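Below is a structure I'd like to ask you about.
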Amino acid sequence: MTMIRCLDHGFVELVDAMGNDQTIVRSARVSYGNDLEMQSIKADRALIRYLMRHRHTTPLECVVLVFHIKMPIFVARQMVRHRMSSINEISARYTELPEEFYVPEPEHICYQATDNKQGRSGVMEHGEQEASMLEVEASTTFKLYQGRVKAGMAKELARINLPLSTYTRWYQKFDLHNLFHFLSLRLDKHAQYETRVYAEAMASFVKERVPLAWEAFEDFRLNAVTFSAAELRALARTFRVDSSGAAMEADNSTWPTDRERTEYLEKIAMIEKLAP
Amino acid sequence: MTMIRCLDHGFVELVDAMGNDQTIVRSARVSYGNDLEMQSIKADRALIRYLMRHRHTTPLECVVLVFHIKMPIFVARQMVRHRMSSINEISARYTELPEEFYVPEPEHICYQATDNKQGRSGVMEHGEQEASMLEVEASTTFKLYQGRVKAGMAKELARINLPLSTYTRWYQKFDLHNLFHFLSLRLDKHAQYETRVYAEAMASFVKERVPLAWEAFEDFRLNAVTFSAAELRALARTFRVDSSGAAMEADNSTWPTDRERTEYLEKIAMIEKLAP
Amino acid sequence: MTMIRCLDHGFVELVDAMGNDQTIVRSARVSYGNDLEMQSIKADRALIRYLMRHRHTTPLECVVLVFHIKMPIFVARQMVRHRMSSINEISARYTELPEEFYVPEPEHICYQATDNKQGRSGVMEHGEQEASMLEVEASTTFKLYQGRVKAGMAKELARINLPLSTYTRWYQKFDLHNLFHFLSLRLDKHAQYETRVYAEAMASFVKERVPLAWEAFEDFRLNAVTFSAAELRALARTFRVDSSGAAMEADNSTWPTDRERTEYLEKIAMIEKLAP
Amino acid sequence: MTMIRCLDHGFVELVDAMGNDQTIVRSARVSYGNDLEMQSIKADRALIRYLMRHRHTTPLECVVLVFHIKMPIFVARQMVRHRMSSINEISARYTELPEEFYVPEPEHICYQATDNKQGRSGVMEHGEQEASMLEVEASTTFKLYQGRVKAGMAKELARINLPLSTYTRWYQKFDLHNLFHFLSLRLDKHAQYETRVYAEAMASFVKERVPLAWEAFEDFRLNAVTFSAAELRALARTFRVDSSGAAMEADNSTWPTDRERTEYLEKIAMIEKLAP
C-alpha cells in the first residue's frame, strides 16, 4: 500500500518514513540509561502504552512520515493550520493549475445541521442537481482562468477567482507526536467529511508503520474519555447512591454550565452502552 | 504581587504580559465572525470552559507572559525542555557567577522512593548533616572557581566544575497554551519538588492574570481524569452490576497490562473519596 | 495610527503589543548579568545593531505584536505559511461569509513576466475590462453561494466554489524575530504585490513600536547584501586591480558605530587576503 | 563511519536518517509541479545552490538526522537552546550517572581573552597542574555523590552537586534546515571549543549524507559575508577610486553556475550605483 485515493481526484501517498515502534522504545529508555538493551515485544508494548497514557510524547517525535497529498484547497487550508509540520506545495504563481476540482457525491451534499453550527445532517433533496451545478460553475471558472493565462495575464493574478474546490498538491512531513495530534482532531466526527477522508488515509499508513503506538493511541486518545472535576463529583455521587440507573442522575444545580451537564449525560450514556 | 521568592535564593517575577480572559474570548469568537461584540461575563466564562474542554487551544496563544526567574541549574535544565518558550539567560562564558547555590532544607532531604523510580519518600535521618555537607562541598567548589577566574583562566573553562545547584537567571516567555502544558506537567506530584515550587509561583501569576482561563484549566486539566477504552469498559460493567462497592471490581484478565489495572483502581478509589 | 487600509476591502490593525526597544536590550544584557542597569540610548542602539548584525535573535522574541488582518484568501494562504505565528480565523464552516472579494485596480493587472517565472511585468491592455470581468465572475459566484446557503446546504459545502479572492479575516500574533523574517521575505520585490501591501502595513506598525530595531533591520537585513565564497573571490580580484589600498579607506564619520567600521575593515582585509 | 569520538569520553553517532540531496530537489520542484521528473545531477546541484542562496529553506526540512550524543552537561546546555530539535536524555532522577566527567587537555586550558568577553587566548602556564586539579575536584565530588546514593538519598537530590563537566547522553533529532542553523553558529570560531568539537562531528555526517547541500551551505553560509547598508556605501567609494570598471570583471570559468555569475554582476552593479 503506497497510495490511497481520496475524493474524486485526490490521494495520500507515503513517500518517506523514519523510525518505528522500536525507535520510540529506544528513545524512551534512554531516560533510564537502558536504551541499548533489547527487550521483549511485551515489554515494548507496555512501555509504549505507558508513554501514551501519561503523555510522555517526546519519544514519539523520533518517528517521522512524509506524505504526498493531493486535496482541494479548502481541505489544504485546514491541514496547513497544523503548524508543527513542514510543507512544500505547488505554486499557482509559477505554474498553471490543471483543471481539477472537487465535486461532492450527491450523497454527501447535506443540509446544515441545526444542533451544531459546523456540521451537516440529512442528505439534501435534488443532490444530483446541486452536484451538477457545482461542477458547471467550477468548470466555467476554469475556462475563464485558462483564457486569462492564454491572454498572458500574470499567473498569480489569473488564479484569483479559482474556486476553493481546486485541487492542490504538496509534501507534508509530520513527526508522530504532531501527527497523532492532527489525527485526534481530524478523525473526529466533528471534522469536515472531506478532511476526515484524508485523515483516515494517513491513519492507515501510521497503523502499518507503528502498530503498537497506534493501538495505544486508539486506547488512550481516540477512544478515551476525560472527566472534568465536576463530572468526577457527579460520578462519585453515582457510585455511592447508585443501583438502578442512578448514574444518569446529575443534579442540575451543581453544573457550571448547562452544556457541561448535557455532555456529561452523553458520556454516561455512551459508557452504559459499552456494558456487555 | 510582582515577585515570589522560591527556595533559598531564587525567585519568579512577572516582568511583562499581554492579553487577558477577554483577549481569549475575542480570538475564539472570530471563528463565528462575532469577535467585535461584547458579551456577558457569564457567556465569556462558558466559552472559555468550552474551549478548554474541547482542547481548542489556539485562542490561548494570544495571552503571553514573560517571567524573570532565578533558579538552580538542575531546575533550569528541566524548564528549558519546554521548547515552545523563549529564553535569554545569564552566561557563565561572559560573566563570573555569584556564589549562590541551592542547599535543600533538611525536611526536603528524603530517601529514594522504592515504589517510584523518580520520586522521594520519607525524610532522611541526619538531614541537617547532609544539608551541611552539601553546603560545604558547593562552597569549596566555588572557592576553587573563584581562584581559577582570578588566575585568569577563561571563564568558559573555569566554570566547568561548578555544581548543578548553582543559581542561574533568565527571562522566559510563554504563551498561555504552552504555559498550561508546562504547568500541567510541573505542578504534578511527580514533578521534582524544587521545580514544582517554581511552577506554583508561575501559576499564581497566571491565576491573577486570567482568572476564568485558570478556573477552566483546573476543572478540565489539572483536576480532570481520563479513562482509557479499557477503563471505560470496566466502568460500564460497574454501572450495570453495581451496588455495594462493585466499582472496585476490575477483572484481572481483561487488562492489557497489570499496571493499567492498578491505575484504574486508583482512579476509582480517588473518585469514591469525592462523594459527599 | 491603529488601522491601515489595504487593497479594496482589507486592512491591517495592531490590536495588541508587548515590549519595545528597551525590552530587547534588557533581554540581551542578561547574558552579561547587567540587564537591570539603565544605559544611554546610544548604548542601546549600538547593542541592538550588534544583535541584528550577528543574528543574535532571541532577544527579539520578547517583543510581540498581534495584528487583526482582513485580506483575500490567496494572500492569507501565503501568510499562513509563516508557521511561527499564531492565528485565529473566521470560519466559513460556521458563518456565512459577506460578499467581499478582491478586484485588482486596472493598473495592477499585468502580463506574466518573461524573465521571472513568478512575477508580473507591464500593465495589460484592456485592464479595465479584465477587472470588470473578474468582478462579474466573483459576484456571480457569490450569488450562487448565497442561494446554496439559503436553500439550507451545509455552509462547509456551500462555500467550496467561493473564489480565492474572497476576503477572510484573522488575528495573527508574531514575535519580532519571526516578524522580521516574514517581512524580509514579503517586503521583497519578488513577493506578490497584494501580499507586499500587507507586509508594508505591518512594517509601519513595527517601525513605530521599535524604531531602533527597525533601523537595524533595514541596515543589516533589508538593505544588506551577502557575498558568497565565489563572489568574495571575484571581489578580491577586483581589489587587486585597484590602486593603493583604497579599499581600506572608510571615512570615520559615516559609520553608525565605531564597531561597525572596525568590522567593515576586517571584512575588506579578509577580502583582500583572498586575492590570488 | 558511524561514531566519532569527541573530547575525553564523548561521541557523536548517527543513528537514524531520512532523505538526501534528491529529496531536497523533489520538495523544491513541487512548486513548479515538476517534482516527479528526474533531472541531471548538474541541474540538481544548481537548484540546491539557488535554494541556499535565496534562503528557500523549507525543502531542507525533509531531510532529518538523529544523533546519539554523549557530551559534558555544559555543552548540552548550549545544544538544548536549539529548540527546533527533539531530545530524549538520560535522567539523573531515575538513574545513577556513571563517573565520567570532562577534563580538558592542558593545551586547551587557556587564559580569558582580553579582546573578547567570551573567548580564550593563550595556553595557561601550569596547564597540567590545572587539569589535574580539575580532575581531582570532579572525582571527589563523584565520590560524595556515590556515597549519597548508597546512603539511600533520592537520586534527584544526590545529584545536585555534580559538576557541569559530568557527561550526559541523549538522542537529538534535527531537520537539515535547523541543523544548518545550529552548525552556522556552533562551527563558528566564537563558539566554545568543546561545543565546536561536537558541531564538527555532526558536520561530517551531514557532508556525507547530503554532499550537494553541504557544498552550498559552505559557499553561501559558512564562507559567505554579508555587507550592511553602510558597508555597501563604503565599498562603493572604494570602487570609484578604482579604474575602468574593473569591478565588472568576473571570469566566467570560475563560477559554479552561470546564474551565480549574473547575480554577482548585479550585486556589483548595484554597489557601483551607490557611489556618490
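Letters are used for the chains, namely A, B, C and D, taken in the order the chains are written, and counting of residues starts over at 1 for each.
We adopt the following convention: a contact is a pair of C-beta atoms (placed from the backbone, for glycine too) under 8 Å apart; a residue touches a chain by one contact, two chains touch by 3 or more.
Bear in mind the structure is a predicted one, so any value in this text is a computation, not a measurement.
> Between A-D and A-C, name the chain pair that shares the greater number of C-beta pairs in contact.
Counting C-beta pairs in contact for A-D and A-C gives the edge to A-C.
> Which chain maximises the distance between its CA centroid and that of chain C?
The most remote chain is B.
> State, to the nearest whole Å, the distance from the C-alpha centre of chain A to the C-alpha centre of chain B.
The answer is 29 Å.
> Approximately how many whole Å separate the CA-defined centres of chain A and chain C?
Computed from C-alpha means, the inter-chain centre distance equals 32 Å.
> Find the geometric centre of each of chain A and chain D from their Cα atoms only, then give the gap between the two centres in Å, rounded to an integer.
Averaging C-alpha atoms per chain gives centres 36 Å apart.
> On chain A, where are the residues touching two or more other chains?
32, 87, 91, 94, 117
> List the residues on chain C that touch chain A in their complex, please.
By the definition above, chain C touches chain A via 72-74, 77, 80-81, 83-84, 87, 91, 93-94, 102, 104, 108-113, 117-121, 124, 130, 133-134, 137-138, 141, 144, 148-149, 151-157, 159-165, 192.
> Over in the complex, which chain C residues touch chain B? Could you list them?
Listed in rising order, the residues are 16-19, 23, 26-28, 30-33, 35, 58-59, 61-62, 64, 66, 86-91, 94-95, 169-171, 173, 175.
> Within their complex, state which residues of chain C touch chain D.
Result: residues 32, 53, 117, 218-220, 223-235, 237-239, 241-243, 246-247, 249-251, 254-256, 260, 264, 267-268, 270-271 of chain C touch chain D.
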